[in-house]
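Given below, in the form of structure tokens, are the structures.
The following pair of complexes shares a single chain, chain A, combined with chain B in the former and chain C in the latter.
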Partner chain A sequence: MGISILDVSKRFGSYPAVKNVELEIPTGDFVALLGPSGSGKTTLLRLIAGLEGTDSGKILFNGVDYTNKTVKDRKVGFVFQHYALFRHMTIFENIAFGLKVRPRKFRPSKSEIKEKVFNLLKLVQLEQLADRYPSQLSGGQRQRIALARALAVEPEVLLLDEPFGALDAKVRQELRHWLREIHQKLNITTVFVTHDQEEALEMADTIVVMNKGMVEQIGSPEEVYQHPVNAFVYSFLGRVNELKGSTLSESTDRITDLADGTVGYIRPHEILLNKFQQGDSLPVEVSHVHTVGAVVRIEFKPLDTEEFYGAEMDIEKYKELGSVKKGNILYAEFKNIVVFGKETETPHVLTDTNRLSAAIH
Partner chain B sequence: MIGKETTIIHFNVSSAKKASRHGAIKKWLLIAIALAFLGLFIVVPLLAVFSEALSKGMELYVAALTEPEALSAIKLTLLTAAIAVPINTIFGVIAAWGIAKFDFKGKNILITLIDIPFAVSPVIAGLVFVLLFGSQGVLGAFLEAYNLKIIFAVPGIVLATIFVTFPFVVRELLPIMQDQGTEEEQAAITLGANGWQTFFRITLPNIKWGLLYGVILCNARAMGEFGAVSVVSGHIRGLTNTIPLHVEILYNEYNFTAAFAVASLLALLALITLVLKSIVEYKSQKH
Partner chain C sequence: MSTKRKQRRVLPGFGLSMGYTIVYLSLIILIPLAVLVLKASTLSLADFWQTITDKRVVASYKLTLYTSLLAAIVNAVFGTLIAWILVRYKFFGKRIIDALVDLPFALPTAVAGIALTTIYSPNGWIGQYFESLGIKIAYTPVGIMIALTFIGLPFVVRSVQPVLQELDHQYEEAASTLGAGSVQIFVKIILPAIFPAIITGFALAFARALGEYGSVVFISGNMPMKTEIVPLLIITKLEQYNYGGAAAIATVMLGFSFILLFLINFWQWRTAKKHQVT
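After this line comes the complex of A and B, so read on.
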């Protein structure tokens, strides 16, 4: 089912949780609502589900106005952040609940319910747990049961609120992969909320970046990562260095008339470190070196400043560079400084100094 | 070297033993004090009630309980509880549900209002009803015109009992419901359940032990209430006397054996309540 969100707003008291959101979700899409806490992403999800009412704007399902329909009429599957499994029911009863509460006319027979529940348990690979209670399950298992329960009513839209937020890193990784698989198998329109950019980049077909109740950018993972429309999206989608004042003008050499307060952004892996001066590279002092798996992170500060920056390189590059210790002097080259103008303007990627000067003027 | 090590271990063990012996003395001392207090103020009076009740033999005991006025008091007490407890259970659940699951203005005022029957002396609670429904009261003339009797009649006793026992169920349920939040109910709704299904299949099973506990306490108080009922009852023998009022009348007439015999019924009720309460607590802990 396709979902259209037209100019939707929602306030809690005087706090605007969602402001004039426009969003088009085509049938079968896998969408991540990505943003920091308080960005309105969960509220938007609950508005789609009907768990909150809109203050203004419209929500259409397949072109039909569903703004004032009840939760029940919307037939969405909703997976809560803390699973909200019914604690006094077994896993079987939990999954069967949505079928058992149907009016008698539409209620499947007992044997049909049983068959369906076990099919779903098979789908989530937890057949052996049918008679357990939720309190006897691990977090990852509960999450999968919550999903099976939501799928039991055959929803046309699946909504997940921070689905992996409460799980440890390894289980999270497994479940991401598994949820993707289920989406491919069932091809059901899926919207999930996350504050984890990696999760969004890894799983979603479409990412909706939200901030302060508004949509900042909508696009594929490549689009939002490679072509962020503004500083917020750029900095939210990965590690970032901010270049200000003298460091910015020095690292971009011939530019002398940068407006005050202009901020340049650069990702850690786009900073090149050398032991010898090359072109317009900047002398810097190493303050910290640490290895995280196959990646080496080097923290440094340009000489005569107290601003710290981080560079990242894979371990091969690091070996080429040779051993680096705290206090060493290196030369940093800033390859891809990005400067954002006013919010509506497109960003300028400053790759070489000639183009840079053109961009600033 | 080995020898040294063993001595050190020995030393640790003995000092640990000493510490635990010291702890045990403290523990038993505290328990003994608590038990002595409990015995003096609760067990001894309770035993006194039963021994006094049975002091003139089983026959007199049974006679005191089966005389018409006593029977009528027992009946009235049971009737009062049978009306007050279900009403307070239903309204208690509704009030706790409303307060715990919804946000609205004046919530704290409502919670305070619910506590008033606990805060106010039962005698004042009784007087309020006299002032409202008595012949000199606000609604007195109206009631008289339609020949409705509330004060010095059964309806007054029921009203006063409902008032006094109102907070038990709400107070018991409120923290449980607030603690459980609304996520399970929301999940039920997204799965297609309607309001009734959500309440009976999700909310009620989650609060059942707390509810039962509240009902037991409410019932005990409804049967044992003296102050408020005493003010509105009028003490008409065989008509508006409940068990506690009947006990008082017998006692004032120096009919001690009968008074204690009837009182032993209330004591027995208290004991049964305690047993039920422990069973409920045990069961709810298991869940």
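After this line comes the complex of A and C, so read on.
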């Protein structure tokens, strides 16, 4: 089922949680609502589910106005961050709940319910747990059951509120993969909320980046990562260094192209570090080196400044560089500074190294 | 040699805290009750049997038990309702109502009894309207029940209120996304969650009603065989210096109460266990 969100706003008291959001979600899409906490992403999800009422704007499901429909009538599957499994019911009863509360006319027979529940348990690979209570399950298992329960009512839209937020890293990784598989199998329109950019980039077909109640950018993971429309999106997706034009040029007399007040951005893996001066690289002092798996992060500051930057390289490159210790002097080359103009917020990429060196001179 | 170290506890030592618990319970509850049974045992078995099977005494047992039970049931229903309103709604004067709930605890029971009698007597404010309908409240078992409901009200409200407050809205939201209507949500989701608390409140209100004296004696009229409660009979015996007889009746009442409360607690324990906390 396709969902259209037309100019939707929602306030809590005087606090605007969602401001004039426009969003088109095609049938079968897998969408991530990505943003920091307080960006309105969960509120938007709850508005789609009908758990909150809109202040203005419309929500259409397949072109039909659903704005004033109750949660019950929207027939969406909703998965809560903390699972919200009914504690006094067994796993079987939890999954069967949505079928058992149907009006008698539409209620499946006992044997049909049983068959359906066991099919769902098979889908989430937890058939052996039917008679347990939620308190006897691990977090990852509970979240799978919560999903099975949401799917039991055959929703045409599946909404997940930070589904893996309360799980540890390893389980989270497993479940991400598994949820993708389920989406491929059932192909229902799925919207999930996350503050984890990695999760969004890894799972979603479409990413909706939100900030302060507004949509900043909508696009495929590649689009939003490679072509961020503004500084917020750029800095929210992945690690980033800020180059403040004024301070940097004052202290080094080298970066002049960055006018006062504008900020340049560069990803850590786009900073090259060398032991010897090459072309127009900047002398820097290493302040910290740490190895994270196959990646080495080096923190440094340009000489005579107090601004810290981070560079990232894979471990092979690091070995080529030779051992680096705190206090060593290296030469940094900034390959790919991105500048967002203040008014237009359109990116202006300084890719040409010659131009950059000109800028630094 | 064992290398296992004992797990550290907040209070010093199980032995000490358990010992304190037993001494405390003994001084406050067990020893006085033991003396009561001891006093009852000064009667010969035949005397004891005759005292407790006296028609008037048996009638008072029945009256006390059924009025207490009904009062506790009424409180369980309406106490839950009051707790619901206090937790789920915002309205003007909510704090005042919240404070009002505790008043039956603070008021001397005799004052409550006199006030209730004044209102519900055949020519009282409310009693006169029931009188014209042919219903008598004061000086009947109905009056006793009203007094017992009054003094037991806070128990259910105060045991259900915190549980209801803690109950996360996400369960109701989850149920509604699964297609449940509001009645279904209440019966299948909310009620099972607060039921153990309702039983706890019910048990407390029931226990309180079994022993209530002050408020009942004024409104009941104390007619033998009709509106005479057990505590009143005990007082009557005491006034006649029949300590053995009083103790005998009290012992039987104690037995009844203990068995009933034990059963209710067992029931409460079972429902609470089913609704495990995650």
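Of note:
As a convention for this text, the second predicted complex is superposed on the first by the 336 of 361 C-alpha atoms of A that agree within 3 Å, B and C clash if a C-alpha of one lies under 4 Å from a C-alpha of the other, contacts with A are read in each partner's own complex, and residues count from 1 in each chain.
The working rule: a contact is a pair of C-beta atoms (placed from the backbone, for glycine too) under 8 Å apart; a residue touches a chain by one contact, two chains touch by 3 or more.
This one's a predicted model, so the numbers in the text were calculated from it and none came from an experiment.
With chain A as the common reference, chain B cannot sit beside chain C without a clash. Judged by the touch definition given at the top, the superposed model places A:102 against both chain B and chain C. Once chain A of one complex is fitted onto chain A of the other, the partner contacts of A:149 extend to both chain B and chain C.
In the superposed pair of complexes, A:134 makes contact with chain C only, with no contact to chain B.
Contacts of A:331 after superposition: neither chain B nor chain C is touched. Applying the stated touch rule to the two superposed structures, the overlap between the chain B and chain C interfaces on chain A comprises residues 49, 51, 71-72, 75-78, 80, 82, 84-88, 97-98, 101-102, 149-150, 152-153.
The part of chain A that touches chain C in the complex is made up of residues 49, 51, 70-72, 75-78, 80, 82, 84-88, 97-98, 101-102, 133-135, 149-150, 152-153. Interface of chain A with chain B (complex): residues 49, 51, 71-72, 75-78, 80, 82, 84-88, 97-98, 101-102, 149-150, 152-153.
Chain contact summary for the complex, chain C toward chain A: residues 168, 170-171, 173-181, 184, 188-189, 192-193, 274-278.
For chain B in complex with chain A, the residues that touch the partner chain are 183-184, 186-194, 197, 201-202, 205-206, 287.
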